[in-house]
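Listed below are the structures to be examined.
In the two complexes that follow, chain A is the common piece, with chain B as its partner first and chain C second.
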Partner chain A sequence: MTNYVLVTILLSGLVTWLSRVVPFAVIKNLTVPKWLISFLSFVPVAIMTAIFVESLLTYHAGHWPGFNLANIYASIPAILAGILTKSLLAVVITGVIAMALLRLVGLG
Partner chain B sequence: MKKNEPNWLMVLRTVMPLGLSYIPIGLACGVLLHAAGFNHLLTALISVLVFSGGAQFLIASMLTINAPMTTIILMMFFLELRYALLGSSLSRYLKGQRLPFIFFFAFSMNDENYAVNYLKFATDKQWKPSQAMLVEHYSLLFWTVSNIVGSLIGSALTINLSVVDFALTALFIYMAIMQTKSRLTILVCALSGVLTIFFLVLMKSTLGLVVATLLASLTGYFIERQLIAHKPESHLLYKVHDPTGHSAMEEDSDK
Partner chain C sequence: MDASLTFKSGLKDVVPTLFGYIGVGLAMGIVANTSHLSVLAVLLMSLIVYAGSAQFIIISMLLAGSPVSAIVLSTFLINSRMILMSLSIAQYFKKESLAQNIALGSLLTDETFALSMNKLNQTHHQLRPRWLHAANIIAYLVWAVATVVGCLLGNLITDPNQFGLDFAVVGMFIGLLYLQIITDRSKSLKTQLLVVIFVAIAMFFLMRFFPGNIALLIAALLGCGFGMVVSPHD
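Showing the complex of A and B:
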């Protein structure tokens, strides 16, 4: 497991470094095309949302994925906290407290 | 600015707001990585090599759902592609630098220290590439130490795994919200969510995440192009109202 994580980290580091160095070393005299800038501006937010939605699903072998209801319920106050405060700490604490309360009432 | 201030101290003062802002998120990252099965050494390694909260959370959460390595690397590739933009806007300030310097500079550049350096290069004629490099190294130091301390805290606590799980989910909520700048991005978020469910079911693999995010981003790009060409007044291009009165970009750029 640790070796698997290690290789993943090393490859991720390589991908990260390549994406950081290529514009300096290769395309430094080119301007990045506008369409690419526009497309790339949507990628991080789409990835974050996709990972978020993925965490709302549960998997059972041989079945369609179901919804992780506890995560969905706890997400609602966390999203509200995020929109209202834009504070990392507020989002995480609200979410974790909501999750703890859900467990307390037996929904989690 | 004081006249006789040594260079290292002057640069440190420039980078201080950024360094301090790294401490809480770095601690959180260390705790979560430890909970996801990383030992202290791996946490230190990932924080030096990847040096990005978002990407480190992505790797941790993909590993906890047992995503195959190829999918993780693909996701990383698309997430990190935006550095091509950052790099190309900084490169004109680094003209004439030797290649080893460029390689080393690129190694520890990330969104936040880019913002600090870009602002400095744009407003301060005296700002030198070597000082920009020092900014990167200070921020890397703050980040890595916070990660390691977080990892140590994580090993001292016993954390309920489902709580950690949801803390990761909450982090992605936070990161998605911080990047929601126009109404169109909200639409892209919604689309990305629906497509994620669709392709995870269809492909029965986490590769569905990659397909969903690419399709959602492409759709966002095409809608934006159509709107700018034909309906520049469209309400979809409006900026999102921010109840706190300032946006993440401004926070980064006024350091």
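Showing the complex of A and C:
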């Protein structure tokens, strides 16, 4: 492993760690104002939606995003599994099987 | 998932998310292998950086010989959503020591954050360090092992996505998002659905101008602001 790779890993690790840890230290020593609590209460649903939708789109610099059709197709049975079972594991397994089948028939 | 916040229940609750770590971890190891990174470099990256999408970017930028400063800046931007998640979850650990807070934050991921937010809905809005530590540590170890195994298998498997494992992460967020919407009693279903629709539309427009990881952060911030505006005031 070259120094270039090692230094990159160490510095990338440092900025990631700071992103994770500094907010904990800040919140610990701060009385969180009511509006911020209200704002942050939407983080879970907002960020999970954003992560999910990102996986359904494909980025093309300078153009409108395209659609990741394989992920969109596989999401449908996964969502149905969620509604029917309310089980995280069932959603994941259904989605993976759906994607494997899509690949098998050449749609993935 | 139940109301129990023991170390053991943390181990149990994290299991469904592990498929995602294994699928993406194997894929990352294989990509690293084809990019001529050593097993040691992959292991160190997984232990020190510990961030799925950022590690893919780092590998491709290393392969392209990008300057260290550019790689580090990209990593920071991709992972900046961690700031939002850490801010959000840290409220539940205010009474714990600083060392405990730092330990909890150090291994927080998208997945264990989302899992914790689901857990809150079962526990009258309580979290315990031992529960999150259990989930964090298992996720951390599984990720490191999966990436190393992927790197070792790299020569044998050419198409890691053949078995659909790359969808495990998407599937997991579908499950966590759905469970979040139906179990979070602190907000009306209507308010939550409005935020979901707003963020989805925002993502589409933002990805006209920004790569997914940056669009994601902006859309989430806008979504939180939108949520504040549309939720009934008390």
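Points worth noting:
FYI, the second predicted complex is superposed on the first by the 68 of 108 C-alpha atoms of A that agree within 3 Å, B and C clash if a C-alpha of one lies under 4 Å from a C-alpha of the other, contacts with A are read in each partner's own complex, and residues count from 1 in each chain.
Basically, contacts are C-beta pairs under 8 Å (C-beta built on N, C-alpha and C of every residue); 3 or more make two chains touch, one makes a residue touch a chain.
Computed from a predicted model, the values in this text were never measured in an experiment.
Of the two partner chains placed by the overlay, only chain B lies in contact with A:Leu84; chain C stays clear of it.
In the superposed pair of complexes, A:Leu57 makes contact with chain B and with chain C alike. Once chain A of one complex is fitted onto chain A of the other, the partner contacts of A:Val21 extend to both chain B and chain C.
Look at A:Leu10: by the touch rule set out above, it reaches both chain B and chain C.
Across the superposed pair, chain B and chain C both touch chain A at residues 1, 4-13, 15-17, 19-25, 27-28, 32, 35, 37-55, 57, 64-65, 71, 74-75, 78-79, 82-83, 86, 88-89, 91-92, 94-96, 99-100, 103, 108.
Taken in their complex, chain A has these residues touching chain C: 1, 4-13, 15-17, 19-28, 32, 35, 37-55, 57, 59, 61, 63-65, 71, 74-75, 78-79, 82-83, 86-103, 108. Within the complex formed with chain A, the chain B residues making contact are 24-25, 28, 37-39, 42, 45-46, 49-52, 54-55, 58-59, 61-63, 65, 69, 72-73, 75-88, 90-92, 94-95, 99, 102-103, 105-107, 109, 162-163, 165-180, 185, 188-189, 191-193, 195-197, 200-201, 206, 209, 212-214, 216-218, 220-221, 224-225, 242-244, 248.
Chain C meets chain A in the complex at residues 1, 15-17, 19-20, 23, 37-38, 40-41, 44-45, 48-51, 54, 58, 62, 68, 71-72, 75-76, 79-88, 90-91, 93-94, 98, 101-102, 104-108, 110, 113-114, 117, 161-182, 184, 186-187, 192, 195-196, 199-200, 203-204, 207-208, 211-213, 215-217, 219-221, 223-228, 231. Contact residues on chain A toward chain B in their complex (touch as defined above): 1-2, 4-13, 15-17, 19-25, 27-28, 30-32, 35-57, 64-65, 71, 74-75, 78-79, 82-86, 88-89, 91-92, 94-96, 99-100, 103, 108.
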